Amino acid sequence: MEKFDKTFPSKPLAWPRGKQWALAGVVGSGNLEVLFERNPKAPGKMDCHVESSIPGYKDSWLAALGDFAANYPVGGTKVTIHDQGADPIVVTFRLRQAYDHLKKTS
Amino acid sequence: MKTLLEKFFGKSANGIAVKDKLMTGYAEVAGQEVCVFGTCDGTYIDNAAALRFAAHVLGCIENHSKAPIVMLVDSAGQEPNRTAEMLGLASYFGHLLSCLQLARQNGHKLITVATGKAIGGAFICYGMFGDRIDALESASVGLMPIEAMSAVTKIPAPTLEKLSRTMPSLEFGAKPFALLGGVEEVWSAKDDYAAKLAAAIASANTDDNRAALGKKRGGRKLSLDVRNRVLDESGK
Amino acid sequence: MSSAQLFHEQTARQRLASLVDPGSFTEFLPPPERVMSPYLPQLDIPVSFDDGLVIGRAKIGGKTVYLAAQVGQFVGGSVGEVHGAKLTGILKAAARDGIPCVFIVESGGVRLHEGSSGEIAISEAMRAVFECRAKRVPTIAVIGSDIGAYGGMGILTTCCDFRIMTEHGRLGISGPIVIEKWMGKQAYDSSNRALVWKTSGGKTKFLLGDADMLAGDDAASVTAAIKKLLAKSSPLTLKGLKARQQELEKRLKTFGKTSDPDAIWNALGIKNVAEASLASATEFAALAKKK
Amino acid sequence: MMNTMSLETKDTRRRNKGERMRRVGKLASGKFVSAKSVPEVLRRIIEPGDILCLEGDNQKQADFLANQLATLTKKDLRDIHLVMSCLTLPAHIELFKKGLIRQVDFCYAGPQGQAVAELLADGKFPLGAIHTYNEIYARYYVDLTPRVALIAAVQADRQGNLFLAANTEETPAIVEPTAFSDGIVFAQVNEIVDTLPRIDIPADQVDLIVEAPYPMHLTALFTRDPAAITDVQILMAMIALRGIYQKYEVQSLNHGVGFNTAAIELLLPTYGEQLGLKGKICKYWMVNPLPTMIPAIESGWVKGVFSVGGEVGMERYTAARSDIFFTGRDGSFHSNRAMGQLAGHYGVDMFIGATLQIDVNGNSSTVSKKRITGFGGAPNMGCQPMGRRHPTKAWLKAGAESNPGPGSIPGRKLVVQLAETFQSGRVPTFVEELDAQDPAIKKALHGVAPVMIYGDDVTHVVTEEGIANLAACRTIEERRAAIRGVAGYTPVGLKRKKSETKDLRARGIISLPEDLGVSPSDVSRSLLAAQDIKGLVRWSGGLYDPPAQFVDW
């Protein structure tokens, strides 16, 4: 198990109202779950916490998370990931799905 | 088996028939008629056994109003079998449990004593359904021994062994099971089983107190609290 | 031409979202509360925010229900201490409030990694199921995925008022690999998927009467089946259980000597096994009725 | 000047064949020999120094004859030059272990890839060359003409005519050069009958026949269960459909046999239909009768399919859809590997297939240090047909993009590589250097690294990150930057420079999903026209009979 935290700068979330949290994916072989939570205290930051069952891939995790924070306005969020060996593409996939959920007002 | 039954029921043990390592019958505890069924010699429980027990329970409900039902458990579980599965062994067990529930609803107290093996499915399919569950100190109670668990989970046995010191749920036996609240009381070999059984029948009630016991004894700290949180959130 | 998402491929959360009236689901102990297993990290196994069980309240066809859905991908949908406590909690809430409980099952049974705690948890959940039944609060189990309902969870579903299965669902106690190990590959080849599903799958269970309804492999079909059963309950009576006793005795007597599921299909009115195997749930239900 | 040698070589081959056949003598009754006499017959018809061809296609195998051959010892058989396309049975490996083989020329080792690598390392695999299919068939007519060919057919009649059924594969490509050069053609058949459904090989070209005690080995090699198609593969299929099929209006094509292309086939009747592409693309196919083609065929997308081989379970379906498939007079399916490879090389707009490893220059390979698998059909189809003349819209459009010089051909075939950035177990697909470039492997292959498809031939690389149009790159540096740009979070991808990627994207050399109107949120398995094998059976109206291992109902 490898665990790490990292904060990325990101433009503030464009949807100030909406769901407080959103979850995508499941913890299962080759898959992961990602939880987005609103964190109004740090509007210009995406705070990430990753727990991965396969150690040794921190670089590609950071690159994928960094790209996501750069490509989408996700400032003011806390992201927690429980990973069970997902490919990087699945990381991007799930981040995007959870982000789309978070945007939905309901 | 005979001697063990006599320790529980004295001479009235004669009323209990043992056939194919399955027991059914009626006996007396402290002068009160009790319905008895169970397994011995670690035998497997199959579709036919479940039906035999269920028929006995239904007969008790019909003809022995409110007689306490004593379940004795010494079984290694169900035998993995293609035909049994095809016929729906789970449904046979479900039927037995349903019969026991009807008995409970009709005022029969359900008392379980684990006398030998009380492992996995064999315990779940009737014994663990008791209002009050006790176990002999010598009984093998639990999900499975650590070596078996290691083989299935692929986690090395020494790791599990080490963890079991802080996680009683990984330990195997009557005492750790009692720590989890799964067994109310562990009887020692010196105990007077008949008296113990009489006391168990007297104190049994239909509230499932196992989570509370597990918390009190420290072996299963989360169950009660998590359950209560669900009840709180849903009650809002 | 695009079809619906297959029920057996959906995740627990997707299933819940597509079964209930849109937007009506409220989750209890949701992910941000992080009610997770403290034991898995000690074994270096990843945790999940919901410990593999999503529970909450929603409406189906305007009717309020409690729901629980197991996450089969997470440690096989297995029941650990937290998972089991959530399950017992929602069932007890159903009994307390007189609100039906729908349970989407996808589990191999007890979570071995948490040992006997999971075993007791399943037993507690069983007691809670019967608490509902004693109060005539309907409990409905839905089994619609390959993981199915096995071990203690298989037994638990047979304690509920009703079972809805799809042809992808499986119901049993010992899984095919365990049986193969015990009996030998000659007697039971666990890689023969057709045989495995004929032995324990939804269609056979429906024919035998262990599944009350056979639904299609999509959320709409499952919802329709749930709606039909929500109004009913199946209280335990001496008469009813004696009839069930006779039925199970007859089943054992008639089929106890065979291991060939086709024989059951034939005896229960399916003439053309190949055609019925390929049939959809609706087609199959019609074929089964024709007998 | 008179050469005495030339007098001697006028008809020695024919006379030698006569001697061999005489040696068989009473072991044969007409052309027919008994199964138990086969080892002795082989001993009598094969001579030291022979070029021996053993039919082993990637689906059907002359396995009975191969197994009998493997019972011979060095006393009976030696100094053999083995030529065959697919060296895939344990019996084939046995010949090497016994030291019977002087030289081997082949194409593909598939399941024996590890055994081949081990034999090579032990110096027990005297390799001539690893070929592509068309190369080895060509050499059967040049310098590798077999003296004896051991082949497989489904049925023979009493005259010795052969019926090959759906899996013609390469039988004609072996029989013709052998029969017309006084070689011996020895066929194993599943059964001998009075009347054949149709004649695929005339008796005239067959010398010996044995009714084998067991039917020939046949693998269901190309059946892909839609249930195993992942979201990522669907995303890539959507990217490819928009960024390549639609853009170039691809009319005729060859598909690989992976799950990626299966996803594309299953998206045609759904996503393709939504895009309004029906009738505009994907009309003519050079593929085996892939079960995943059924929905597209049933929805009227496909006008024709020609195949290099059959597929187990598709017999009734292909017979019932004779407008689409090539069928014989008897109504049943016909295939031909040599002609199919030719069609795939010269006749189509596009080759598209998946790969396991691709380097920063665009070279791809399926070879690893422990497995030498050789080549399947991909290299003949995944390359530029340099002599092509006939124009099509796609060919000209791709040609214009690649900016031909005064001496180059005006068009370009689309050669597309589908590559998820990672293989299972987080093994990166993109690497700086292929395993195939390993010096030991290169040396064993006489200096030629076993590259499946050369980077120069590739026009596009498609990953879940987007498309890199290599044909439009002007320099090798630009090509490398384009590849890094779609290589995701692999070590190759992590080396990309943001500014370069941005520039290539602006010039249309890199296209991201959003540039093509594809969003990951649109991805769903419910877009697949059939989501499992059962769905395919239902689409086929019950005409498709999937093999048992795919049946779960």
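Order of writing sets the labels: A, B, C and D. Residues in every chain begin at 1.
Criterion: contacts are C-beta pairs under 8 Å (C-beta built on N, C-alpha and C of every residue); 3 or more make two chains touch, one makes a residue touch a chain.
Everything numeric here is computed off the predicted structure, so don't read it as measured data.
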Self-check item: Chain whose Cα mean lies nearest the overall Cα mean
Solution: C
Practice problem: Could you let me know which interface, B-C or A-C, is made of more C-beta pairs in contact? | Solution: B-C
Self-check item: Centroid distance [mean C-alpha coordinates] between chain D and chain B, Å
Solution: 62
Quiz item: In angstrom, rounded to a whole number, how far apart do the mean CA points of chain A and chain B lie?
Solution: 46
Exercise. Averaging only over C-alpha atoms, locate the centres of chain A and chain C and give their separation in whole Å.
Key: 33
Self-check item: Whole-Å gap between the CA centroids of chain B and chain C
Solution: 24
Quiz item: Out of chain D, which residues touch more than one other chain, so two or more?
Solution: none
Practice problem: List, in ascending order, every residue of chain C touching at least 2 other chains. | Solution: none
Practice problem: Would you pick out the residues of chain A that each touch at least 2 other chains? | Solution: none
Quiz item: Name the touching chain pairs, please: which are they?
Solution: A-C, A-D, B-C, C-D
Quiz item: Which bits of chain D are touching chain C when the two form their complex?
Solution: 269-271, 273, 299, 524-529, 531-532, 534, 537-538, 542, 548-549, 551-553
Quiz prompt | chain D residues touching chain A - in the complex, by the definition given at the top | solution = 231-232, 420-422, 424, 426, 464-465, 488-490, 494, 520-521, 523
Quiz item: Within the complex, which stretch of chain C touches chain B?
Solution: 28-29, 35, 38-39, 42-43, 55, 57, 66, 81-82, 84-86, 88-90, 92-93, 96-97, 110, 112-124, 126-128, 130, 133-134, 149, 151-152, 154-155, 157-159, 171-174, 178-179, 181-183, 187-188, 199-200, 204-205, 208, 210, 236-238, 241-242, 244-245, 248-249, 251-252, 255-256, 258-259, 261, 264
Practice problem: State the interface residues of chain C toward chain D in the complex, per the touch definition above. | Solution: 1-6, 9, 167, 191-194, 196-197, 277-278
Self-check item: Residues of chain A defined as touching chain D within the complex
Solution: 30, 54, 57, 59-60, 63-64, 85, 87-90, 92-93, 96-97, 100
